[in-house]
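What follows is subunit A paired twice: with subunit B in the first complex and subunit C in the second.
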Partner chain A sequence: MKKRAVAYLFILPAALVLGIFMFYPLAYSFMISFTQWDLSATRTYVGLSNYRALIVSPDFWNSVLYTVYYVLGVLPVSLVIGLGLALLLRDSSMRGVGFFRTIYFMPVVTSPIAAAMGFSWIFHTQLGYANHLIDSFGGEPVNWLTNYNGIFQLLFDRFGVELPRVLQGPSVALTVIILLGIWQNIGYATVVYLAGLQGIPQTYYEAARIDGANWGKSFRRITLPLLSPTTLFLLVMFTILSFQVFGPVQVMTPQGGPLQTTSVIVFRLYQQAFAFYRFGYASAMAFLAFSMILIITLMQLKYIERRVHYD
Partner chain B sequence: MKALMVFFGFIVFAAIVAFSQITLSFWHSMGDYAKLPLDQLIEEFNRTNPGIRVRANYQGTYDETVTKMKSALLVGAGPDLAMVNIEHIQIFTQDEALMSLEDLVERDPELFPEDFVDEFWQTIIRDGTPYAIPFNISVLMLYYNRDLFRQAGLDPDRPPQTWDELEEMAHKLTVVDARRGRTVQYGLLWGVDPMFYQFEPLVWQNSGDIFNEDMTRCLLDSEEAIDALKRWASWFDMGLSPRDLTIEEGIQSFLMGRIAMGTVSSAGIRYGLENLPWELGVAMLPGNKEKATTLGGGSLAIMSHVSDEKSEAAWTFVKWMVEEKNTLTWYERTGYIPVKKSALDSIEIQLIWRRFPQLRAPVEAIPYARPRHVHENIIEIRSILFNTVERVRQGVEEPEIAFLLAVNRVNQLLK
Partner chain C sequence: MTKRHVTLAIKYAVLAAGAIIMLFPFYWALSTSFKELRDIYFEPYGMFPTNPTFSNYISVFSKAPFGRYLLNSLVVAAGTTFLQLVTACLSAYAFARMRFRGREIIFFLFLATMMIPQQILMIPQYLVVMRLGMGDTYQGLILPYAATAVSIFFLRQFFRTIPKDFEDAAIIDGCGPLRILRYVFIPLSKPALATISIFVFMWSWNNYFWPLLIVDSTEMRTIQLGLALFRTEGGIQWGEFMAGTVISTLPILILYFIAQKQFVKGITLTGMKG
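Our next item is the complex of A and B:
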């Protein structure tokens, strides 16, 4: 009995902090999502009408689409480049490896706001480095942050093909924000993959070499499968984090982008709550987004975990 | 023993001073270039009024301040007095968060409503009662690059007066690199952001209006408004204005001398004079059928929850801030217009104009400046209208249909 009390005492600080700053606001926000509230003293209960309004709102579904573009854009590229860099930086006896590991990790510790402001300058249509570079090679400058056309549609334009809306891809403006996301995620993926690689015993590779496997084969048969827990971890983490992207959007396209094509879910949520004072509606949006992340994560765990090898 | 007595005496004295001093917390929205002049004014007040200490806190943009104040007031916290955008007064009076200043104004032997510029005083009245005192009022002006005017062979002392002249001059100020077929300098940037205040004067100048008198209907489906929209969009179609720059990018390009004219609030004039690498000209917005510009800005309000003692002190502070001398200092250091008639007629203002001739134009624009319409849903309405004109500017929607659809949506929010 006494033992238990001590155990609870140990849990108490964490439970208090989490309870006050996480679970209470969570429950509170869930309650608000069934009301109409503009931060004034009166709050009207409206049942499910916030959710109903959201489900029929084209603006909301557009923001879901843009968020999905963002997640699908950031995720695979960050993982592939991250793994590639980890393989290159794997050998710690190599000269200057510490330097490169630091360099590639730097974007992760850079404030996202500062990075977004830097990117805004690079991609300024008239004054930015990106267009300056294109210009010096004789190319046509791109209006990065004001171009609302989907990038896949732009590719297919020259063949005169009109893609269905969902396949048109993220607008050029959103693509710039995706690039920023990739740039910031690569370092993190690299470090986590490096740790994963460190956990693979050298004996496997030696055995494979004796059996006559070349580099490609041992990468496919040993490295990838044994890294699969790491990959799953990164996949889940990046999905959750990318789904909640907000800072770069707010900094680079504070108006929500050309024709609102960078208005991802959290951006719209922020706008509804803190610009239009519709806290109930915004809370409902938060819970729909939360359910989506939950379902996706559960599906990732259920279907991908089957293919994960834990040593 | 004696030393101890002196020491205790000193402690008691310090405590008396500390407690007899009233501390007021003041929330405001003056960021970047306006923050320093405001802090200087408040410092001066604290120095000359030893019984009162005003502590100023920057709370972000006007909109962000609304959110913070609303949530603070909900739990009985919040400031003692605040800078409230004249368009947001309604949001707070409907919650009874602002103190009615009627008694204070009536009892006061030194402050008279008649002293204030009539157009400004009107903006702080709700249901016949003053709820704030106008403090930082600005108007939308045409900023232009006098160096680029000279380069284009235009007289920098003769800025455009009408839309036709504006287009004609913008043509001359637009420089196209013929070899590459690319515009390297644009004539004009009449950017419209989600606050929408840059578009409103275009409609007024065309003798139209945005809403009807009692804010029950949006009037943008009128011929005047649609014409104004077409005209504005045509500046982008003709290549006089950059279609491919965001508002922030446009401002950067303008500052770097790559755009010759632009619409900017008068509040930034002094900052521009100090920091621009080229010579700044400031003029009244060009008109069409009429002359008109937008009036906006903030006012000083006292919260309804403060004690009598504090409200007296707050009133002393508010009164001091709009004293002729101080409203002129504020004007000279920013570009916000003096709020009192006596200041506008003073000799001091003539001296300021001699030092900074560009500060004169906003004062001359007062008779044409119109306050903006207010409504509890106004922020969302403006966002809808912004997105509408944006679609037209990008060429994905026809002007007539765009405003017709927008008016439908806005009317629903006005109900």
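Our next item is the complex of A and C:
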């Protein structure tokens, strides 16, 4: 009897913290998403009207589109480069491998705010190093953080083709933020892939070599399939984290970018709540946006899981 | 030169090129931070400052209380880490070794908090902290993160690998659960505790969103918040911005160079970043 009481005492501190700062807020947030409230004394119950207003709001769907651009921009590139680097760094008998791993992981531990400061300087229109490089190759300087044109549209401009809006791609400003995301994620993907590669027995490759398989074939038939659980993990992880990008957006484009083209979901959410005091509306937005992530994550798990090989 | 040598040379070339790209933003911020104003406007692309100077660093500390920001971040990160270790040790021990009604359900509920996105919680968390009168205080910055499911789960998994025999010996010696935790489990779990500490410290140091919501006064700003707001203030030039950036990044990079293994392990296992 006494023992049992001790057990409850042991979990009490954690339970209190999680209860007060996680469970209660979750319920509370759900409740205020059905109200209209600016923190004043009167809170009006408005039913589903916040959700209804969101579904017909072009601004909201734009922010969803920009967030999707960001996720689709960061994810595949980080995964491919991360896998490539992991393959290069796989052989730990190679000299300097530890040194390179240290370097590639450095951006992961760097705060997104500091990284965003560094990138703002590199992509400064007049004094930035990026435009200096372009200039030294004879190109025109780019207004990186103030250009709202979609990057795919810019490519097609020279052929005089006007792409449908969704295919115009992230604005130049959002592309810079995507580059920052890639830079920060590569090291993470590399380290996770390295761990995955370590789990593949060397004997598989030897057997393949005896059967006459070349590098490309054993990569396709052994490495990729056996890494699929790692890829799935990274896919889910990066999707969830990229959906929540906020800090770099706020530092690099404090107003939400040229024509609001960097206003990703969390940026808009923050703005609605803490700049316009529309707490009910913002809460509804949070629930709507994150039920989307939940659905995407579940779909990734369900459909890709089938194609994943667990040895 | 054999074929193997050529492959190796190509490998190194690719790795080196990649390393230069990854390092460039660090180098560029560092180099700019030592440049004179003249340099930045007339020689902005020089790889090295023509006349290295500390003046940017000096003016950063005089224009904004960066010393105070660093201190705040240290207090918050250390406090958060310490409390998470305490709450995680206690509850992980209960979940790993004690029998009590509702153990599985409570554990599942704890784990479920990992799935709740921060952004859903931020508005009510803000309201709760304000109502508790903890806005703009260290408590307000620390307490919401005094326990997390990630640390508890990670430590519980580790505790479960500790052989029962160790504990039995201690029980025979008449030790209660608190002493068993203190003298058996904690000493045996040092690597796991180090991993958690490093990870939590880094996460807390780099956290921006929460301080942005609840900090009001200049004196309570953490380094990330201070840096971000420094950017929005007028009359500051790029050499100073970069000096501020270096100041905010250096502590965590030094820690990373000292405890690289724990960093990599902590971040990959918990799958969360700043």
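Convention: the second predicted complex is superposed on the first by the 294 of 311 C-alpha atoms of A that agree within 3 Å, B and C clash if a C-alpha of one lies under 4 Å from a C-alpha of the other, contacts with A are read in each partner's own complex, and residues count from 1 in each chain.
Methods note: a residue touches a chain if its C-beta (ideal position, glycine included) is under 8 Å from a C-beta of that chain, and two chains touch if they have at least 3 such contacts.
The structure displayed is predicted, hence computed values, not measured ones.
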{"item": "Contacts of A:Ala41 with subunit B and subunit C, given as first, second, both or neither", "value": "first"}
{"item": "Subunit A: partner with more touched residues, subunit B or subunit C", "value": "C"}
{"item": "Which superposed partner A:Ala275 touches (first subunit B, second subunit C, both, neither)", "value": "first"}
{"item": "Which of subunit B and subunit C A:Pro254 touches, first, second, both or neither", "value": "both"}
{"item": "First (subunit B), second (subunit C), both or neither touched by A:Pro201", "value": "neither"}
{"item": "Contacts of A:His124 with subunit B and subunit C, given as first, second, both or neither", "value": "both"}
{"item": "Partner chain in contact with A:Leu89 - subunit B first, subunit C second, else both or neither", "value": "second"}
{"item": "Contacts of A:Leu145 with subunit B and subunit C, given as first, second, both or neither", "value": "first"}
{"item": "Subunit B and subunit C footprints on subunit A, overlapping residues", "value": "39, 120, 124, 127, 254, 274"}
{"item": "Subunit A contact footprint on subunit C (complex, rising order)", "value": "8, 11-12, 14-15, 18-19, 22-26, 28-29, 32, 40-41, 44-45, 86-88, 90-91, 93-95, 98-101, 103, 106, 109-110, 113, 116-125, 127-128, 143-147, 149, 152, 176-177, 202, 205-206, 208-209, 213, 224, 227-228, 231-232, 238, 241-242, 244-245, 248-249, 252-253, 256-257, 260, 263-264, 267-268, 271-274"}
{"item": "Sites on subunit B touched by subunit A in the complex", "value": "63-64, 66-67, 70-71, 74, 94-95, 182, 193-194, 242-249, 252-253, 256, 258, 376-377, 379-380, 383, 386-387, 390-391, 394, 396"}
{"item": "List of subunit A residues in touch with subunit B within their complex", "value": "38-41, 120, 124-127, 141, 143, 145-148, 253-255, 258-260, 271, 274-278"}
{"item": "Complex interface listing, subunit A residues touching subunit C", "value": "3-4, 6-8, 10-11, 13-18, 20-26, 28-29, 32, 39, 85, 88-89, 94, 96, 100-115, 117-122, 124, 127, 129, 132, 183-184, 186-188, 191-192, 195, 233, 237, 240-241, 244, 246-247, 250-251, 254, 265-266, 269, 273-274, 279, 282-283, 286-287, 289-290, 293"}
